[in-house]
Structure formats: structure tokens, C-alpha cells
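Next come two complexes built around subunit A: one with subunit B, the other with subunit C.
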Partner chain A sequence: MTTIALSAVSRWYGSVLGVNNVELTIGPGVTGLLGPNGAGKSTLMKLLYGELRPSHGEVRVYGERPFANPEVARRIGIVPEGDSFYPRVSGRDFVRFLMRLHGLDEAASIEATSRALKRVGLEEAAGRAITTYSKGMRQRLKLAQAIAHGPDLLILDEPLAALDPVGRYDVMELIRAEGARGATVVVSSHILHEVELMTREVVLMSQGRVLATGNVHEIRGLIDAHPHRVRVSTSTPRALAARLLEFSGIKSVSFSEERKEVLAETSDPEHFYRGLAELVLDQGMDVSELDSPDDNLESVFHYLVGT
Partner chain B sequence: MPLHDISYQHYRGQRLSRRERSLALARSSFALLLKKRRFLILLFATWVPALVRAVQIYVARQLPQTPDWLEVGPRLFQSFLTQQVSPSPFVLLVALFAGAGAVAGDLRSGALIVYLSKPITRLDYIVGKVVPVAGFLLAITLLPALLLLLFALSVASDFRLLQEHPWLPVSIILYSIWVSATFSLTVLAVSSLTRSGRLAAAGFVLAALGSHFFYLVVSRLSFGGLPPYLSVFASSVHVADLFFGGDSRYTGSPYVSLVTTGLLMAGAWFVIDRRLRSTEVVQ
Partner chain C sequence: MGGRSSGTAIVTEWTLGQLLWSPRTVAMGIVAAVPTLLVLVYRTLSAAEVEMPVTGFGFFSLVTAILGFQFVAPMLALFYATGLVADEVEQETLTYLITRPRTRNAILAGKMLGSFILQVLLFVPAVVVAYYLALAPEGWSQVGRNFPVLLRNLAAGVLGLAAYSGVFAAAGAALRRPVLVGLGFVFGWEAVVTFVPGVLRRFTVSHYVQSLLPPSGFQGALSGFLSDRASAPVAALTLVLIAAAAHGLALFFFRRREYAFRND
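Take a look at the complex of A and B:
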């Protein structure tokens, strides 16, 4: 099932290109939107929740164009990047007012507000003016107004920003729960390991383009042309390094007697792993630990953007 | 502060209509403004001319022979309403207080992005912002004028005023709405051009008073022969001639002033709409 479909979408700000010819589909569950500052993540999100109209191409959310479309907006909850509230009103009043804009009647807006504030842990501070909130509390408040009406699609721009480690963990739990119950959650972040903790489905962006989409491991498959690094812990690093040099696709091998490890770079990871398994099984080579430093989002991203 | 997992719930109740959602926006602005003591003091001050007019009506009714300047008729109501616009600064001040920060504040705080991500349209948003400003302007024009009319009828203990001028209530209503719409849309348009309420206030004052000052200077130089179309204040006052049928103190046709202020409103609406369309540029 497709929630979001972008077809050849571009968006210019005058002569500056925000997003460039993006083809993308996103379904239910959590999808991480990754890229450095200026990659076009926020522009893409604004296109999704209808703040912006594409300069070219078509954006469809639940089959409809989201730009200035209240029917789509009804199903969406957003956490924008910056602050988005009047500091002098209380957190409760702010969320309740937004629920009124969502069309909930007085009683329902009070109930939805109370439920959402409780869910993000702001129940006790709800009556205080937002100006007294810490950055983390403001972030939670933004999250509360996004989830209060029970949206089908959550678009969260850097929702983990300004949160302390416990707060990050809590919010990640909430995002995972929203994805698990069937909502479509698009979450942007530049803290890659945290995105990896929320989802394996990622969209990598750079300079307005979508570089890759899919599971982290699938993306890794796309970059096999690049050297794939493998760290092998062994009691005999020199001997193992010598044997690894015989493998096809090996770009470089280094070893450390002190750390008891070998670091290899290969352009043919499949052959490498098969050969290493044969060394262990057939020739009794000692291997205690195998680790690929590349198998995380950060290195995948750096490979793809060439940094 | 742990996050509490509460089972997911969709809202399945009756949803408010779009008009009610606009009114929710308006209500919020009303509530915020009414919390400001200085604004309440200003509102009370704007009613002082109405009290003076009430005394005038009472005195006029007590005198066996009413002099022209005390006569209770359309001219009195026109005079009261136009004085709220100019020379008294009440319409300007209330529009400033209620409207200068209305859109600018939403742009500065970023709340506009959240508002427009909700199921409301730009039209709903604009209506939600116009209603409180226009509402307060009506509260210092239409409301006291209608109360003065009721007072005049009650102290006269007959309906001769309405029998002689049956269109008077309609004139009061239409002119009050026209002036309120002109000033509320203009101040909101200026507000939408900046993220600072103070800058918007300064810009609005500069535009309104500047145009009036320019009109006065040019008018003086041309020995009073200049129509009032250059000035927002003078045009708004001139339009009253059309609604109340009084003798004009200005040269030129009040119809042109009506068109001028109508174009001003249309232009203001266009500016607000364009600014809301380009919120990302404003940001």
C-alpha cells in the first residue's frame, strides 16, 4: 500500500533548486529521511504536507494532491523544524486550539489534548506558559500536537533535536509505536544511528536528489562498487592478512598485532565472506569476531555522497 | 518524564465545519486581545465620544427649539462614525492594536506553518484573522452608533426619526462594516509583510498618516480643490456621504472614494493571500 507517491517532483526557490526530479513512494511504517543540511529534506517534507506546491511533477498523498488540501491535512500530523507556537500561551491551550482547527468539538479537543500530552510526558507542565519550557519540552509539545488527532501520516522534521538521551529514547519508542500500529511515519534526522534504531527503511538525499531508497542492506548492495570494509578479530592477524590478499576483489589489507585484528577493503564482499568462511572451516583459521564498519547508515551515506 | 503508551485512537465524532474552525482561530485572537489591559483601556476610551453624543441627544430632546448643530438626524450619526475614523485616532489605534501583530506574530513564531498544516484553507485563516480585528472595529463604530440610535428613539418616545429616515439603521450598519473591513484588511496586509508586529504597526501608521499628510499638503497647495482619494482616512470619511446622503466637505464623487477604498481592500486581500502562499519565503 502506498501512502506517498512523488513523480518527477522538483521544487525551485527562485533560481535555487530545493528538490530535483524526485521519484519516491513511501508506505506504512517508519521511513527515515537522511541527508546533510541543505539536502532538500525539509523541502520534501513541506511538499508532502502541502505547505509547498511542486514546481514540476506531482505529489500524491493518499491519492490526492496535498497542497492546500484540507482533506489530506486532516490525516496528517507534522512536527516542523523550528519552534511553532506562541510562547505566552500554555502547552495545553496551544494543543487544544490546534485540535479545534482540526475540527474536533470542545469536549473531544480537551480529551485528545490531554491524551497526547500524557503520551509525550508533558501532563504536569501542560498548564504552564510555553515560554517556561525547555527545548526538549517544546519538542515534545510539537510532537503532542502532531499526534493528538490520531493522524494516519506523521511527518516529523528532526523530532529528536534538542532532546536529552532519555527523551530521545522515549520519542524513538513513540515513533516506532506509531509505525507499528500502521501509521506512515516519515522522520528526518542527521543523527544517523538514531534513525537506524527507529527503522531500516531509509531515503538518502543529497543536493535535492534522492540518492537511494529502501532497506539499509539493500542500499548497501547499491554501493558494492565502493570498497567494503571488514574488520576481523583474530589471534593470528599477520597470517590471516596474508591469506586475504589472495582473494579476488581485495583492495587493501592492514593488520594490527596489538589489537589482534585485520582490516580489509574489498569490492566483492560476497566472495570475501565466502572465502573467509572457507578459511575458518577448512583451514582452521581463528576468527573470533567479524564486523563491517560500513554496515551502518553513516558510512552508507558517506559512500553515496562521496564524502 | 517517561512517554506513556496510550492506545491509538482516531477521532470519530462530528467534525466542526470550516466556518467554525475559522471562528476557533478568531476566538483565540479575541481571547488574547481581551487579556491585554492596555487594549481594554483603549476600548473604553473609544466609547467616550459615544457618551458625549448621548448627552448631545438628551439635551437636544429637552430643548423646545433645537439648533441645527444639535439636530438628531443622519448627520449626527455620520458625524459620530466619521469622527471615530478621523480626526480621532480610535479606528486607527484599535486596528493597530488588534491587527498589526496578527499575521506577523504567526510568521515570527512559526505557528502559521502549523496552522496551515491543519485542515483549514488560506481563506479560513484570513477570515479567522479578519473577524477579530473587524469585530473590535465594529464594537467601536457599529455598536455605539446603534445604541445611540436606540437611545435617541427612547428619549424621543416616538419613531419620527425612523419614519423620516427609514434607511438610517442600514446606513449605520453598511458604513460601519465598510470602514471596519477597510482598516482591518489594510492592517492585516501590512502585518503579513513582516515578522515584527512593531514594524507592521509602524508601517501601517506611516501608510495611513503619511497618505493623509500628503493629501493635506497637496490639498493646501492646490487651494482645497483636491479630491480625497489619496488618503485612506479622507476616502473613508468621504464614503460616508454616500451612505448617509449628507453634504460633502470634500470635492469629488463619493463613488470614487468607494471604489478607491474597495480597491484598497481587494489589494490588501491579494497581498495577504500572496504572503500566505509563500510562507517558506517569508520564513
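Take a look at the complex of A and C:
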């Protein structure tokens, strides 16, 4: 069963090519859209949820063109790339407004909003102004408005960005659950390891092109040949760096007390992330943000495209 | 609790809620209050027995004709209507609206309606308060006798707001920097062409708004000087047509245009 079908799709921004001659079909379950920053992932997603029209080729979602198409929009939930919200609005009011706009009546919109906010762990902060939320909370709020109406298709642009390790785990669980209930979930990331924890189906993109589609383990070996870099924000960089050095597969660790961060290089990302989660959950180590500079992934893409 | 509402009604309510306590509304509230404040100054000087060259009614007519219709109404429309789409694009919230199962027409119509209601809520009370401030101290008979003039002023104001709003909403839906274009329209085209004799005046909104003002007294003299007046029915109908056509154009642009500008 095909949810999404792209046929020879290209998208130009003036003279800049955003997506280049993409042929792709995606069905139910979770599909990871993987590529370095600037690969064309967000453009592809905007084409899927109908914010953009293709310059060439055809995009079909549930057999229809998605641009300005309410029938397609009815079945979609999206997490857009930006970190922008309306001013002077609480998280609850924001989601409830979007649910009413989605066609839910007053009572159903209140019910759907409460359920979604609870699911992303924001029920206690729901009445607060969004401007008081942390980046991670805003990311969870974007996810809440995407899932609240129970869409058949979820298009999630970097939904794990800015989340702490516990938040990442929760959101990955949620994404897996959405896929398991039969929804089609397209989730983008520039971190292979994240995608690997959510799905085996990946679409690899670079420079606007789809380089490969298929099982994530097939490219796993390529990734492992390149050390994986992780930047960790923490209030105790020296202590965290010392603990990370004990991890197997660690190639290097550096830290900055001024910037309150640790930069680690590992050849065993799975062990690294598991160990880091244990440090946070079991030993109370403070970690506020995780980020993986995409240089290592980019090097794999360069390898794949032969540059 | 209510049932399922139309997309336009939901967006209208949301837009009103968003705009009501915004910094823009505070600024526009001050702009809308300028004629009233001037009448207050007039009334204060008058109470201090400073000799005034015009009556309260004359001063009200002068202030509304020059400031109310030539400045306040276009400014309200400009700063609200150009932002309907541009603000959503700038703050990157438009995606949330246009990816819901509502037509783009319903969404923009809701935003236009919410913005128009707020403009009327700012403009009408300011004119009414100015009227009472200017005339009431000279006797309630003055207030009653000139009441049709007030109604005519209000009708001209509301129709003018509708026409200007349409023009600026269309600019906002079609252009990336609509405020600059709007300012050019108000202080360039409208301001200059109004003083150019000939048929060119008929291509301004201001011409038809001025034509709706009472033909006698200061406002009649001013509008007669500024333009060869159109009849009131023709002026009213033209403003309605401008408003309808411009709003229709705004919907057309919004329906067809892409509003994502970033590359990835």
C-alpha cells in the first residue's frame, strides 16, 4: 500500500535546486529521511504536506496532489522545521485552536488536546504561555499538535532536535507507536543513530537527491567506519568528560567549562547513547541538550556520492 | 459549548484574540485617538475661554475630514491588513494554518474579517467620542441636530476601512514587503493624486470617501475643493466594489501562492 508517491520531482528556489529528480514511494510504518543539513529533507517534506508545489514532476499523497488540498490535509499531521509559535498563547490554547481548525467540535478539541499534551508530557505546563517553554518543550508541543487528531500520515521534520536524552527516548517511543498502529510516519534527521532507533527503513538524501532507500543496516557498516561526533551540553563538563572516557569505542573527548559542553568522538554510538542515558537516569548526571554535528554523516554521503 | 464551527469563524476569533492585546493594537489605538485628543485640546482651550475660530461642530468636521479619513483610516487598514499574511510568514506560523483541512479562502477570509472588526472597533468609538466631546458642551440640541452628519462620517469611515483593507490585504498576500508599498500608496499616490485636477482622482479610495461626507459645511467645502464629488450612492457603491474586488484579489493570491522561502 502506497501512501506517498513522488515521480521525477524537482523543486527549484529561483536558481537554487532544493530537490533534484526524486523518485520515491513510501508506505505505512516509520521511514527515516536521513541526510546532512541542506540535503533537501525539509523541502521534500514541504512538498509532501503541500506547502510547496514541485517545479517538475508529480507529488501524490493518498493519490492526490497535496498543495492547498484540504482532503489530504485532513489525514496529515506535521512537525514543521521552525521553532515559531503565536505570541501570548498557552500550549493548550494553541493545540485546541488547531484541533478546531482541523474540524473537531469544541468538546472533541478539548479532549484531543488534553490527550495529546499528556502523551508528550506537557499536561502540567499546558496552561503556561508558550514563550515560557524551553526549546525541548516547544518541540514536544509541535509534536502534540501533529498527533492530536490521530492522523494517518505524520511528517516530522527533525522532531528530536533540542530534546534532552529522556525526551528523545519518549519521542522515539511515540514515533514507533504511531508506526505500529498503522500510520505512515516520515521522520527526518541528520543523525543515523536516531533514525536507526526508530526504524529500519531509510531514505538517504544529499544535495537534493535521493541516494539510496532501504534497510538502515546496509549503510550501518559505512557509518561505523567513520567516528560519530556528539556534542553534549551539561553544567558539569569536566565530570561528564571523565565518565565518557570510560565508555568503549570512545576515540576522543574534549570539553569547555566556558561553553558548558563536551565534545566526544565514538566508533560505537549505540553504546555511547545507552551509556549516556544511564549516566543521566541512574546517576543523575546533568545533560540539557544533545547534538551530533553532521560532519561524520556528511563524510559518508561524500563516500556514497564519490566526492 | 458550541458545535463544529466554520473555518472562517474559527480563524476570525483567533485573529481577534491575537490582535486585541498586541503591541500593534496599542500603537493603532493611539493613532485612532489622535482626532479625539485634538478635540479634547480644543475643548480644554475653549473652557479656558480662549477664543476659538470655529465652533465645536466645525472643529470636529475639520479634524475628522483631514485626520480621520486622510490619515487614521488608511493607517489602520495599512498596518492591520498588510500583516495578515506577511506576519504569519515572518513568524513562520503560516504552516500551521495552511496544513489544516480548510480552504485557503476560509483561512484568509477569517483573518480579514477579524482584522476588519478590530479596525472598526478602533475607528468608530474614536469618532463618536470626538463628536460628543466637540458638540455636547455647546448643547444637546447641537448633538441631535448634527447626528446625521455623525452617521454619514461613520458610514464613510467603515466603507473606507473596507476598501483600504482590501487593497492592503491584496498587497500583503502578493508582496514580500507590503508595508512599504502601502505607505507609498497612502502618502504617495493617494496624497498626491488627490490634489491633481482631472479624472486621476477617481482612481483613489480617498476620492470616494470624501464624496460620502456631507456636502454642506467644512467637510463639503473640503471634499469639493479636493475633488469633483461623486454622488453619495455612486461613492458608496464604488467603495463596496473596490473592497469586494481587492479582497477577492487577496484571496486569489493567497490561494495560489507558495509562502515557504527557505531552501531546506
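The definition used in the following text is that the second predicted complex is superposed on the first by the 215 of 307 C-alpha atoms of A that agree within 3 Å, B and C clash if a C-alpha of one lies under 4 Å from a C-alpha of the other, contacts with A are read in each partner's own complex, and residues count from 1 in each chain.
What we mean here is this: a contact is a pair of C-beta atoms (placed from the backbone, for glycine too) under 8 Å apart; a residue touches a chain by one contact, two chains touch by 3 or more.
Predicted model only: the values in this text are computed from it and were never measured.
**Q** Kindly say whether there is room for both subunit B and subunit C on subunit A in the superposition, answering fit or clash.
**A** Here the two partners, once superposed via subunit A, clash with each other.
**Q** Can A:Lys46 be said to touch subunit B (first), subunit C (second), both, or neither?
**A** both
**Q** Does the superposition put A:Pro227 against subunit B (first), subunit C (second), both, or neither?
**A** In the superposition, A:Pro227 contacts neither subunit B nor subunit C.
**Q** Given the touch rule stated above, what does A:Leu122 touch, subunit B (first), subunit C (second), both, or neither?
**A** In the superposition, A:Leu122 touches subunit B alone.
**Q** One more residue to check, A:Ser84. First (subunit B), second (subunit C), both or neither?
**A** Both partners, subunit B and subunit C.
**Q** Go through the superposed model and pick first if A:Asn37 touches only subunit B, second if only subunit C, both, or neither.
**A** second
**Q** Under the stated touch criterion, which partner chain does A:Asp105 make contact with: subunit B (first), subunit C (second), both, or neither?
**A** both
**Q** Touch test for A:Glu71: subunit B only (first), subunit C only (second), both, or neither?
**A** A:Glu71 sits against subunit B and subunit C alike.
**Q** One more residue to check, A:Ala177. First (subunit B), second (subunit C), both or neither?
**A** Only subunit B; A:Ala177 stays clear of subunit C.
**Q** Could you pull out which residues of subunit A sit against subunit B in one structure and against subunit C in the other?
**A** Touching subunit B and subunit C on subunit A: residues 13, 46, 49-52, 68, 70-71, 73-74, 76, 78, 80, 82, 84-87, 89, 97-98, 100-105, 145.
**Q** How about subunit A: which of its residues touch subunit C in the complex?
**A** So the residues of subunit A touching subunit C come out as 13, 16, 18, 37-43, 46, 49-53, 68, 70-71, 73-74, 76, 78, 80-82, 84-89, 97-98, 100-107, 145.
**Q** Under the stated contact criterion, what part of subunit A meets subunit B in this complex?
**A** Checking each residue of subunit A against subunit B gives 13, 46, 49-52, 68, 70-71, 73-74, 76, 78, 80, 82-87, 89, 97-98, 100-105, 108, 112, 115, 118-122, 124, 140, 145, 149-150, 167, 170-171, 173-174, 177-178, 181, 183.
**Q** Subunit A touches which residues of subunit B in the complex?
**A** 1-6, 8-11, 13-18, 20-21, 24-25, 28, 32, 105, 109-111, 113-122, 279-281, 283
**Q** Within their complex, state which residues of subunit C touch subunit A.
**A** Counting only subunit C, the residues touching subunit A are 1-5, 7, 10-11, 14, 18, 21-22, 91-93, 95-104, 255, 258-264.
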